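Chain lettering (A, B, C, D and E) follows the sequence in which the chains are written, and residue indices restart at 1 in each chain.
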Amino acid sequence: MIKRSLIVLLLIVTAYILYPLAILPPQDNLGNAAAAITADGVTDLGAANLVTSVIVSYRGLDTLGEVTVLFLATAGVGFVLFRKRKSDTADTEVPRQASEFLQTGAIFLWPYIVILGIFIIFHGHISPGGGFQGGVILAMAFLLIMLAFPGKALPEGFRHAMESLSGLAYVGIAIAGLAIAGDFLNTRILPTGQTGSLISAGAIPLISVAIGIKVGAEMVTILAHLRKEEA
Amino acid sequence: MTLVSILGFVLIAVGLWGMLTRRNLIKIIVGFSIMDTGVHLVIVSLGFIKGRTAPIINKALSAGDAPSRAVDPIPSALVLTAIVIGLAVTALLLSFAVRIYREKRTLNIDDISELKW
Amino acid sequence: MVNPLLMLAVALGVGFIFAWLRPYAKTAAWTLLYGALVFGLAVSIQWLTHFVSGGVSTTVLPGGFSPPVGIALGWGMKEAFISSIVFLGGLLGSIALFKTWRDTPSAGPVLFLLTIAGSIGLIMSRDLFNLFVFLEITSMSTAGLLATGRHHEGAVSGFKMMLVTGLASVLFLIGTVYLYRITGTLAIDQILVSPALAGTAGFTASFLIIAAILVELKIWPANGWALDVLTSAHPVIAALISTVHSVAILFVFYKIFPLLPPDSLLIFTSAGLMTFVSAHLAGLRQDNFQRMLAYSSVGMMGLFVTVITWTSSVYGHNIPIRIESIILGGFIITHLLAKGGLFWVVAHFKDSEGNFDITRVGSTTLGGVIITGLILALAGLPPFPSFWAKWTLIREIAASSLPIVFVILLGALFEVINLFRWLGRALEGESHCAVHAPPVLSGIALFSLGGFSIGAIFLGWFPDFNISILIPFSGLIAAGLVAFLPNRIQISISILILGLAGFALVPGASGIGQAYTAIILGSGALMLLTKMEAANKDKWQLPLIVGTVLTVAVLGAVHTALEFWTSWEMMTAVSALLIVRGKNAKKSALMYWTFSMAGAFLLLAGLALAVSATGQTDLSKVFAGAPSLSIILISLGFLFKAGVLGVHIWVPDAYAESEDDSTPYIAALVSKAPIIGLILVFYYAADAFIGPFEWRVLIGWIGVLTAFFGALFASFQEDVKKLLAYSSMGQIGYIIAVIALGSYTGWVAALYLALHHILYKGLLFITIAGVISRTQTSLMYKMGGLIKRMPLSFVAVLMSIIAISGVPPLPGFGGKWMMYSAFIEAGWTLQAGVAFFASGVAFLYLYRLIHTVFLGMPKNEHINVKESSIWRLVPMYIIIAMIMGIATMPKLLLEPIMNLVQTRFPATMHWEAANLISSLGSWNGNAIMMVTMGVFMLPLILLLFRVRGVKRVKPFNIVYAAEKPERPETTHVAHNFFAHYRRAIGVIALPRATAFWRGVAEWTDTLGDWVRQWATGNGQTYAVQVLLFVSVLYFFMRQTAL
Amino acid sequence: MYIATKAFYLFVSIIVALVWGLTVNGIVRKIVARVHGRIGPPVWQPFIDIIKSNAKRSMIAHGVMFYFGPVFRFAGGLGTYVFIPAVFGSVVFENLSFSGDLLLVMYFIFFGQLGMALGAGEGGHPASAIAVGRGLAQMTAFELPFALSIISLATQYNTLSITDIVAAQQAGVMSWTVFTNPLATFAALFALLGMNMHSPFDIVIAPQEIPLGPPTEYQGSLLGMLHTNRGIFVSAKLILFMNLYFGGALNLPILMVKTFAIYMLSVVVGVAFPRFRADQSIRFFLGVPTVLGILALLIQ
Amino acid sequence: MKSTENKIIHPLENAGVPEDQRHLYCDASPRPYPALNKYVERFLNWARANSLWILGYGTGCGAIELRPLLTSRFDISQYGMNPRPTPRQSSVFIIGGYLSVKTLKRVIRSYEQMQNPKFVVGLGSCTVNGGMYWDSYNTVNRLDYYLPVDVYVAGCMPRPEAIIAGFEKLKSTIMAGQAEGANEYAERFDWYKSNQKKIIKDWDMPDYNW
């Protein structure tokens, strides 16, 4: 009871601390950074989606870190849940079959979801979307399969290769930026092209692709790890 | 102060309450997630300017108009990163919970305090 | 120059592909892994040398956009230094982990590498949100790493860690976005200059960020999670978290704390201090070494926060680079290598069940040396970097805030007590433990630590330090290196080392110091002869003895305050190690260590205060201009070390429990260190010690009371070594009292008494050590009648007790005569009375000593006891010859002493032929010797006429009320010899000081226990604590900021 | 030549002191006997006792230190005496007082006691050790008021030289220390009671309990030497007190009168009081006499 | 004189003491000490006679008669006599009455610990012939079988005046140089010892108590 009251008290105090922030009036003008980006973003990078510009290029290092975090989560989950197989019984146990609705639906929906994912990845720089969003959608496609057909999954080796190589590709593009344009993660190593067209915005689409593959592969891996535990 | 930010702060409070009072590890993680979502809402709310549009240059928004008509793109970018990170943290927390349950057959946080003093 | 971001990129890239590559190309994968670390290290060091040689800091802009739109990464000397540290720690850690990694999943090394990469990001990034990302990278990767080593505790603590850091990161995130909202940028440098920061919202947002970082920095009381993490993690991982990760976060703190107004710095300083003290206080109660290290790590973080915020509050943003690099650099290097080294030691010696027994570490000599070095390095002892850091830090802080100095020193005291306790346990392993391979990696760490330090000295970072002060250290090592040679060669070499040191040190010294150094070295060499007797079982003993003698001797050859402090610390450490080598000496060595360190810290505080107040480095000038308070502190430090009444309780145990062969050095030589210290202080400190009250008088009273109680306690001892220990305490008391007189006669008496104390206390301990080695007991009532078996030893003891008691004609009388003359001259008549009483009481223990050991009834078990070996007898009789020589011609000795003292005080005594005339009376040592001989010979000759009729009878031929004695044990009056005296005035000899200090210890212990129970082990509670910490901190901050 | 003369003077001085000391002993025994209502031994009985002891044909010794004990003791008595100037202004009785001052005398007293204690210790008799323990303990106690008194004197006269102290008291009876510094004098006289080991402070040699204490194993010539020492040591102590507190002596008769009078003090106390236990006597000396001594220091 | 000095004195067996304690006891036999030059000896005997220090052994009833001697009624201190608490320093041993076997042992030990010359005075009939205890199973009848006695003071009990007379007798004997009991004891040591051991069955002392 004391603990509860303490927590209530602490929440009130926290609210008190946060109060000066919460009452800030909504802004009606862009801050320095936002103003500069909205003004020069298109000319700088050639990407129509300024949010993607920010994600991939202006604050590309954040994103590299973000990808790393996701990768870490994958590795961490695998590492935490790792156990030496005691016997093969766990593997030979036949998992419960999913319902027919799910199975049929999955087979039906799977290609569309994949296509949607790829679309979102590739159009991240010109419309809402991007590597993360698309990657997650891709992962959902495979999740659907995993739910519908327990025991079937993307081959582990393939997933690993995707994870590693896409990550390497991201780093490689970043280093290429350093080598070619003199700045790490500089996306202007390729021509910016016509804003709004698919092939534009320098290396942003390439990075989006790398991110998309990586995110997709990692989400699948995390899910695979967690699912394995059920058995 | 916008409705979204208020909602965000309420979620933070709710999540915090869940995190600090629930005994079940999974519920704690859920609390964390709620709190995280609240933070994301707050972040998003900060970038929003009433009457403006998304910062995507297309037919609706020309490049020249962007500074005066687009909302702040940066919080959107930040929130994306924050969401992914939140997801990663949640995943890791869940895997710890799984591991703890596997080895101790309990999900009660009071039962896993043998490392003390 | 390589772009520093490449380090990060390479690490990330290798991290991404390692797991995939490993099954296909094992060697390539490992090469890449280690290559990435080596690459990073090389790049960092390259940049570091670039910056050290004058390179300008740069800013790295990934993507090519500068703030506010892009992210700016800073890259300068500090960053390069920290990143070198990070890569070095990572490299060493990964080497230590290689064996574990070989048969576990690839995630381990990957997470490890990414922790390093994340830390580099933390170090470089100057963008708030970017910092958030890297914070998450490091905390996720470390949390994942906790699963290394298959143990569910890792998962539990990982959960706690994620919970708390998750909460902290939410705070951080809210603060970050609101700062963005307020200032329109995320770049720290731009936020700092933004006017919007000043408002309430700016303050709150900044506060949230910094509070989050403080939580990540493990600031008390929000650090329970960190303790659990560091306890449960694989030790190497714990080292990684505690060093690399923490240092990186510390650097984040360093970057962002200016967000809050400067007035709040004191709050940070206090929080840091509280962490420092509470961690070490709680550490006192640990019986798990790794958890103790965890507390130590947490404490270190507190100290870092203190140092950073405090220097900033003093110097603003222009902290002198040398101070910053010595203090922070020194501590960080030590933290990395010493604490890391200790964690690696744990990893190295853990058995398959995960149990760690610290005694295994000491099972080999090398292992013992390594853990000793590491612990000494961590404790801030010379020659390790933390020593210089400590000195500089305290000196700097003393200039402005003495209370902080005391708090820091209190925490440091807890820390060193703690560390030494574990060291004692580790060293026990030598005797009863199977041999385990020494931890080579930690040894390398230790070696490089020493290297850093020596390098800094050679670089001239300490202009007030002469490298010759480290001679004892090299002597110790040299003597250690020859430890495998046959005993006698080894001892000859040791004596040679002492001689060489004498050649190196003595000419550089001057005045009293010179004489002191020469005398200490000479008597040390003389005493070393006794060790020729038998081969040494303990390989440590001889080097430590050489080290002890040298460190004590070097005190006379110092010129600057820093040099003095250095040699003092070396002396403390080496003598403590010498004591801990005793069979059951763990506890007493700890007590010695505790009191010595307490004294040393008082000394440090005083010296630091004096140095900063005078702005001088030269010892003479420092003391001359020192404020009264510093003189008081310094002399208090010396009094602690001297074991005066009140703090004497370490004396008997330390002497009694140390090896019999080591005791003479401690009793005769180490006890002189505070004496020379006091003399130096009062020599140079003109009249500063007459402050608001007569400090001298107080010391004088302490001195005589020490003399009295020392003698009284000695009278009630059953253990011969304890008796001698209390006797030493008493003799030191006299010397202190006469030094405090601050007069010509007093000082001549002090030097004379000190010299004699060396001679006869050395003689006594050598002799008694011989007796103990023959009789195999140190309890006096178990001896008796040994005069028949060991007549030469008897004569030696007889000589020394006559000398101690001050009975003419031996030279002790001269000392007493000058002492009383000095007291009466100065008008200290009551003190003279107490001193006289003390010297009367001294007769009690002296008689008891010689009676119960040598006279009375011999015991059956000692029937075949032999005289001490020739190697003992020779030094004994050399000393006796010296005593007799001084007795006959005191002028030879006194004239130089008087000339020395004359440089400070106008002479009040003079010679008329062999007659020493004081203002009160005269003393003719020569004549007294002759007269005594004469009056002794007269009756002797008379009696010799009758010697023919004398029948020599046996011990039991006594009149025993017409009975025959039953057994020697029941006939020998020895146990509780002065029962009647105890009954008369024993009430004042009750062990009150012991009770007092025991009370202090128990209360401290209880407090520590209470503090450590704060860490309940419940992750949720930790989260509540974090919130509580943030709330409380907020209200303190508000007070100052708004 | 100087040395030979000095040696001769010294010899005379010692013989006089010895004879006087033993005679005083004899007189006191006679007086005590008369107080008891007895006839008492002849005055010269101490001399006969010494001759008789030396006339013992056989002797035993427990060891070298046992044998040296009386030598130390006697040397201590002799030394104490020769460092004190016996008669003020006399060449013959100046002794060897140039060797040192009051402190030397105070410490030389210990010389004999220490040696005796060692010899007694080697004797191995438990009673000896017990008695030595008591003696030393009691000594620490009575030396304290004595030392305080001496320190008081040293500050009063600003010297530690006995000759100078005596010289300072030559201005008439009222310049004696006993009148100029009565507190110090009384403190010292209390101490003298202890030093003389007369009742009530004779627990050390309690004959019935611990047969004579330290000398219990001594016999024959060794005992004779101890008895001889008693003569010279008593003289030395009394002369010291006379010099310090009672104006010294200008010639031998005055010396005899004064020393006899001082000795009578402890005799009177001795026949009037029963014996203290060791702890009682220690507490006694640390009580009133010490307070007197401290007052003597503080009042100056 | 020379002959007695050079006489080889065989070490004593000391069979009565436990083996591990024998090294604690002197194992030499006593030896007689010859008188010095006649005139010197006469002077010394005068001193001995006028400084008789008494070791009182008061287990018998005779001891009660010693008290008046020491106090003001008779005051033997006027004759130079004095009680001493230890045999080492005493020269005359007063046996205050009958001796049981048990006390005889102590008497012998004390006597042997006195230094030469030493004298023994037997008080009362019991020391002469056993007196009223002549047929007791546990008392000694004749003291001089076991110790050389210089003077007997007969009576049961002898009055203090008689004891003083006995001392006067002793004094004249000493002055005459005839009180050589100590030497006699040494010379006839074996005889005395065998007599003593005959009576004392549990002989647990060294054969000669130095």
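Definition applied: a residue touches a chain if its C-beta (ideal position, glycine included) is under 8 Å from a C-beta of that chain, and two chains touch if they have at least 3 such contacts.
Keep in mind it's a predicted model, so treat the numbers as computed, not measured.
Chemist: Go through the assembly and pull out the chains touching chain B as well as chain D.
Modeler: Under the touch definition, chain B and chain D have C as mutual neighbours.
Chemist: Treat chain C as missing and name each group of chains that still hangs together through touching.
Modeler: So the groups, chain C excluded, read A, B | D, E.
Chemist: Report which interface contains more C-beta contacts, comparing C-E against C-D.
Modeler: More contacting C-beta pairs are found at C-D.
Chemist: Specify the chain most distant from chain B by Cα centroid.
Modeler: E
Chemist: Name the most central chain, where centre means the mean of Cα atoms.
Modeler: C
Chemist: Which chain has its C-alpha centroid farthest away from the centroid of chain D?
Modeler: So the farthest one, by centre of C-alpha atoms, is A.
Chemist: Whole-Å distance, chain D centre to chain E centre, using C-alpha means?
Modeler: Taking the mean C-alpha position of each chain, the two centres sit 36 Å apart.
Chemist: Taking each chain's centre as the mean position of its Cα atoms, how many Å separate chain B from chain E?
Modeler: That gives a centre separation of 114 Å.
Chemist: What's the distance between the Cα centroids of chain A and chain C, rounded to whole Å?
Modeler: Centre-to-centre distance between chain A and chain C: 54 Å.
Chemist: Between chain B and chain C, tell me the centre distance in angstrom, where each centre is the average of that chain's C-alpha atoms.
Modeler: 50
Chemist: Out of chain E, which residues touch more than one other chain, so two or more?
Modeler: Touching at least two other chains: 33, 86, 88, 210.
Chemist: Could you check chain B for residues that touch two or more other chains and list them?
Modeler: As it turns out, chain B has residues touching two or more other chains at 16, 20, 46, 74, 78, 81, 85, 88-89, 92, 96, 99.
Chemist: At least two other chains touched by the same residue of chain A: list those residues.
Modeler: 7, 10, 14, 18, 24, 27, 30-31, 33-35, 37, 58-59, 62, 65-66, 69, 72-73, 76, 80
Chemist: Would you mind giving me the full set of chain pairs in touch?
Modeler: By the stated definition, chains touch in these pairs: A-B, A-C, B-C, C-D, C-E, D-E.
Chemist: Name, in rising order, each residue of chain A that touches chain B in their complex.
Modeler: Result: residues 4, 7, 10-11, 14-15, 18, 22-31, 33-35, 37-39, 41-43, 48-51, 53-55, 58-59, 62-63, 65-66, 69-70, 72-73, 76-77, 80-81, 126-128, 132, 195-196, 215, 222, 225-226, 229 of chain A touch chain B.
Chemist: Note which residues of chain D are touching chain C in the complex, please.
Modeler: 54, 57-65, 67-68, 70-72, 74-75, 78-79, 82-83, 96, 98-104, 107-108, 110-111, 114, 117-118, 121-126, 129-130, 132-134, 136-137, 139-141, 143-144, 147-148, 151-152, 154-155, 158-161, 211, 216-217, 220-222, 225, 277-280, 282-283, 286, 293-294, 297-298
Chemist: Write out the stretch or stretches of chain C touching chain A in their complex.
Modeler: 3, 5-6, 9, 12-13, 15-21, 60-65, 67-71, 73, 104-105, 107-108, 110-111, 114, 117-118, 121, 125, 127, 129-130, 133-134, 136-137, 140-141, 143-145, 147-148, 155, 158, 174, 178, 180-186, 190, 200-201, 203-205, 207-208, 1024, 1027-1028, 1030-1031, 1034
Chemist: Where on chain E does chain D make contact in their complex?
Modeler: Checking each residue of chain E against chain D gives 33, 43-44, 47-48, 50-51, 53, 71-72, 75, 77-78, 80, 82, 84-86, 88-89, 91, 115-117, 182, 210.
Chemist: Which residues of chain B touch chain A once you look at their complex with the stated criterion?
Modeler: 1-2, 5-6, 9, 13, 16-17, 20-21, 45-50, 54-58, 63, 66-67, 70, 72-74, 76-78, 80-81, 84-85, 87-89, 91-92, 94-96, 98-99, 102
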